[in-house]
Amino acid sequence: MSMGIDDIWIFACACLVAIPCTILGCFLVLRNMSMIGDAIGHAVLPGIFCAYYFYHSKATFPVLIGASLSGLAATFLIQWIHKKVKLQSDASIGISYTLFFAIGVILVSAFGAQADIDQDCILHGEIAQIPLDTLSLNDGFSLGPRQFWMLLGNTLLVVAFCLLGYRALWSTSFDEHFIKSIGIGVLFWQFSLMGMVSLTSVVSFESVGAILVIVFLVGPASTAYLIAKQLNKMIWWSILFAIHACFWGYLAAILFDGSIAGSIATTMGIQFFVVFFFLKWAQNSSNKSLDLQDYE
Amino acid sequence: MEKITEFFSFSDTTILTVTLGSILLGILGSVVGVFTYLRKRVLIGDVIAHSVLPGLVLGFLVLNEKSFIVLLIGALISGGLSSFLVDYITHHSKLKTDAALALVLGVFFGFGTFLLTKLQGHSGASQAGIDAYLFGQAAAIDLFDVQVIGVCCVLLLLTLLIFFRGFNILSFDEQFAYSIGMPTQWLKFVLTSMTIITVALGVQLVGVVLMSALLITPTSAARFWTSKVKIMLLLAALFGAFGGLSGALISYLNYRMPTGPWIVIVLSFLAFLSFVFAPKKGVLFRLFSNVFFKIKIQKENILKDLFLLENETIEIEELQEHQPSQSVFNRWVQRILVYEKKIKKMENRRFTLTALGRAQGSKIFERHKLWEKYIGKYMHLMRDHVHTDAEGIEHIIDEEIERDLKSSI
Amino acid sequence: MRFQFPIILLLVILLFACKQNPSNDKKVKVIATTNIIGNCLENMLDSHQFSVQSLMGPGIDPHKYKASHSDIKLLNSADVIVYNGLHLEGKMSQILEKLSKTRQVVAVSEAIDKKEFILVDSQAGLYDPHFWFNLGLWRTALDKTVKQIQKWYPNIDFEKANKYLAEIDSTNMWAKSQLLDIPEDARVLITSHDAFHYFGNSYNIQVKALQGISTVSEFGLKDIVELIDFIVGNQIPSIFIENSINPKSINSVIQGARKKGHEVALGGELFSDALGDAQNPEGTYVGMIKYNVRTIKKGLNHD
Amino acid sequence: MIENVKDPSLEAHNLTVFYQKRPAIWNLDFTLPKGKIIGIMGPNGSGKSTLLKSIMGILKPNDGWVKVFQRKIDDVRFKVSYVPQRQSIDWDFPTNVFEVAKMGRISSKGLFKRFTKTDLEIVKESLHRVNMYDMRNRQISELSGGQQQRTFLARALSQEADLFIMDEPFAGVDAASEKAIIGLLNELKSKGKTLLVVHHDLHSAKNYFDWLVLLNTRLVGSGPLEKLYTDELLSETYGGTLTSLSKIATKIEKQGLPIRHK
């Protein structure tokens, strides 16, 4: 098992996907909107097709824009159905993303079947390929993987957004009525959060593929939710869990020579269940020892 | 047009097979969907659909065979495990359902992908296409599939007939079901198994997305028309069947029109129609009932005013408020009244009441007075508010309420 | 959890410490993406001077291929990387194209005039990537690829390469003679997936497929019904499945035809995007072409 | 029995609000005095919470208006503090008592300005006043119902408002907390604050409130406790809904009718 500088790049990129995803994921878990990641994963297809159709290329940049817009449009549709039509929120997620995906498949089948357009081969990247795709200056000096810089930019954006909007995000997640009662609009924050989720998902899809993004959004955040008593601690814990899982998942991927994304996702699942059963065990044993002690 | 008659003649067995398969699958999915919807587990289908991947791959790895049954068993096991885990997590921690769903979906799918890359290194050229099983196509449904779906449909309907009352109570109030001694665990197990079997089967035949849509969309649409479970089941099945039929039809009208996605589009279209047009809950219904009500109010106001004018029981100033103005809307309403023979046109653009109109006008005036008395007595309203309130309510009062009001005064 | 921090730190340091061990092998390492390319190069390059490996194993769909960790290590250790191009390898094609600026990377499709390829989308400039089924074109492309490698490693022994190219030529001739044997009206190749257009063009065979290249694309009822009608109407004796696609759709075509009273046989499995197992004859490029030709001939000469 | 006051803390005129398309409150007309503890009483579903939400502008009235300190609510929000129902919140949320109390300062600081030392002092002081300071670092899910309610009160206190609008602060609260809360209300009253409290227990109401608003979709009465606390008015409030009124309400709900045409 030999490692090199590439492994560092891959690990760094995994962490740079993990950090913004899990920060946003904490808010999604607290707002009961976790499935939105899955919805966006499917809803990007028509956006990718339109980018291809109007730009006549499979170049990365228009695809990213198209995919983000279509992801955002899907979240808007979800919100509209939920708020205006008053359908329960999971049903509106289900209706919206299946509709978007179906439109995408029809467009691809009718106009692009020979052009090999699908999110798997145009948008979804594989994290192992990251070190190959480097950014270099004119004189050939390599600046490291292109996606590293993109992910770094996205991470900074998300961190800045969450620092700036921390008070708004947590207070609207906790008690929407109260925030409305002091005269602050909640809609703006909801939509900007969705916008960030859509953007981050798409940027991350491009680097690590769809599965890892869904798991990154909810996995570490759910694990942290089990143990954290405060939101800021929950965010820190979730970042820690995410990086921790990236590390072991990556090692496992090298060891078993399998998909890195798949391996990290599996590790996150295992991590969740370890924490989950540990807490259950701890709770049971403390209940036994407390026995007849009163509690309020 | 020709194409459509050709389609409905079903002379081509392939058309018949695919159409029948789509319709039956639509019914199967929608009926199962009703219960997942009522139990607020709408996205469980999506989760099971993604979670079958590791089962499929393991099934293949262990038995090295791509047969339908082997893959189905693998899918059933991993689908079942995922659905069990979702329940287990939500029951034994403070984590909410949606987070548990997303977590299980992602982790299972991730594990499946991990196994798939292991397969890439596995020798034996036949492993290819294993993930193609995740993307079944509705247009490729063959006779065997139709038979399998048909058997499932029959089994499902039988289960429904036997357990319907139990399912019904369980979906609305689990606690109550438990309290009256129903075997809730058992019922839930049966329901969940039905969902898993349907999804694991459907995913191999028509793919993840169509399967999720079949579970969610027809039910959501049906929910807008009724709140009775029986009618909901019927409606959802009807929508599902219609979706299957029209999806098949559309995909027959032109080349490269995929059947499955068109079924999704038709179902979504039905859902949006329901959102807009369904009585009571629909968006448009509310809008239209407002318009009709406005016309009714205007009609009644004209009749009442004319009635008051004839009897001169009211001061002129008070009448001025609702003196019919000459807006387009008003003229339109007047025309309706003339048509209904409630008013007659005189010279100078004036109107006079017919006998019918006079009776109705007096009735409205009577109701106005009645309401004023009623709220004066019971609602502690100040005198100056009573009149405006009555101006509105007089149009809502019907025979039954009028009787009530009279008896309470 | 806390005690794990030092361990993590330690491992990270270890990660930095482990540098790639330089390979002692003096051979030039050539990595091909698909095993079709890999097999051809293996037969063209001197095995004393070059070692050829391919990333994708037998039966892998290159459109959906996801690199694993060891694959990337393999790519990184490569001296020369050869790939197909024309977006066959999905997102990886784009990456390899960029990599060609800094590394010794060559696309087999690179040296061929684009006019020779089958155009899929004129505005986007997309071409059908399955051009190894046009043996004449493929031979030229291989020739130019080896010449490109020669620019970097000038002392290539061209004898082996030329011998192999001659083998491809003779295979081409043989295939032509075999396939032209089939009566013209029976020369229809029906498969589940759109990979055989080059094949059809070079041997004057009509090609029909149910599904496009994109894996999300789907066919509709009309496509399948017309295909069945075509099969029944022209009394096509057999249709074929491909090794990287779910055979279900083609099975329902067979069933549909049977219902209409025409027994169409399953002509067998054709190899399209990848070679078969290495120990079998169809595990080589030439063997694969021969296998396909024999299968097609046997299938279409059914009656 | 409706008694009006001059210079009211709150004035509702013709207020009609639909909740989920059903008329929840109907034609309310009342004025409330300043510096009193005012109880809003009525049976379940009589529109008490709806009234509070429409005062705060969370629900838009379908007709009529409310004025707080003779101004529109948007102009005087900083003077008003709203305590939502305890059940409206997910108490599993990972946050602690101090953070919740600090939320109250958002009303004067907005979403972006930093909290200063004085802000934190105010929060601390508020927690002391509800006797929750020692538990300031507890996660909110570990609190009892009464402690949760007191945390909410601390948040309201740190808003430094003049009018407190509280939705069922005594619901699901232990005796000790109930006592502490009523003590706090009295203390606030003595400082000239106005308190508007939704309550449903008839017996304790007699000891808590100075002024009553009796509500059962329509206004049954509004006035000083001694005048309102009569068997006749209370039985009218709690004696079921008016059949004709509820029939009209049902008809309006079913057909989605507007109640008034303009």
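All chains are identified by letter, namely A, B, C and D, in their written order; residue positions are counted from 1 within each chain.
What we mean here is this: contacts are C-beta pairs under 8 Å (C-beta built on N, C-alpha and C of every residue); 3 or more make two chains touch, one makes a residue touch a chain.
These numbers were taken from a predicted model, which means no experiment stands behind them.
K.L.:
Following contacts chain by chain, what is the lowest number of steps it takes to reach chain D starting at chain B?
P.N.:
The fewest touching-chain steps linking chain B to chain D number 1.
K.L.:
Which pairing of chains accounts for the highest number of C-beta contacts?
P.N.:
The chain pair with the largest number of C-beta contacts is A-B.
K.L.:
When you average C-alpha coordinates per chain, which one falls nearest the overall C-alpha average? Tell me, please.
P.N.:
Central by C-alpha mean position: chain A.
K.L.:
Between chain C and chain D, what's the gap in Å when you average each chain's C-alpha atoms?
P.N.:
The answer is 73 Å.
K.L.:
When the C-alpha atoms of chain B and chain C are each averaged to a single point, how far apart are the two points in Å?
P.N.:
Result: the chain centres lie 48 Å from each other.
K.L.:
Let me have the rounded angstrom distance from the C-alpha centre of chain A over to the C-alpha centre of chain D, please.
P.N.:
Chain centres of chain A and chain D, defined by C-alpha means, are spaced 40 Å apart.
K.L.:
In whole angstrom, how far does the Cα centroid of chain A sit from the Cα centroid of chain C?
P.N.:
For chain A versus chain C, the centre distance works out to 34 Å.
K.L.:
Can you list the chain A residues in contact with two or more other chains?
P.N.:
Touching at least two other chains: 105, 109, 113, 209, 225, 253, 257-259.
K.L.:
Could you check chain B for residues that touch two or more other chains and list them?
P.N.:
Residues 94, 113, 116-117, 121, 256-258, 260-262 of chain B each touch two or more of the other chains.
K.L.:
Could you tell me which residues belong to chain D and also touch two or more other chains?
P.N.:
Chain D, residues with two or more chain partners: not present.
K.L.:
What chain-chain pairs meet the touch criterion?
P.N.:
A-B, A-C, A-D, B-C, B-D
K.L.:
Over in the complex, which chain D residues touch chain B? Could you list them?
P.N.:
1-2, 14, 26-27, 29, 92, 141, 218-221, 242-245, 247-248, 251-252, 254-261
K.L.:
Quick check: in the complex, which residue numbers of chain B touch chain A?
P.N.:
The touching residues are 37, 40, 42-43, 46, 50, 89, 92-96, 98-103, 105-118, 121, 209-210, 212-213, 215-217, 219-220, 223, 256-258, 260-262, 264-265, 268, 271, 275, 281, 283.
K.L.:
Touching chain C in the complex: which residues of chain A?
P.N.:
Against chain C, chain A makes touches at 2-4, 6-8, 11, 45, 52, 56-58, 60, 104-105, 108-109, 112-122, 124-126, 128-129, 131-134, 136, 140, 142, 209, 240, 244, 247, 251, 253-254, 257-260.
K.L.:
Where on chain C does chain A make contact in their complex?
P.N.:
It comes out as residues 1, 4, 8, 11-12, 14-16, 18-21, 63-64, 66-73, 75-76, 87, 90-92, 94-96, 98-99, 101-102, 120-121, 123-126, 128, 194, 211-220.
K.L.:
Which residues of chain A touch chain B in the complex?
P.N.:
Touch residues, chain A against chain B: 29, 32-35, 37-38, 42, 81, 84-88, 90-91, 93-95, 98-99, 101-103, 105-106, 109-110, 113, 209, 211-212, 214-215, 217-219, 221-222, 225-226, 253, 256-259, 261-266, 268-269, 272, 276, 279-280.
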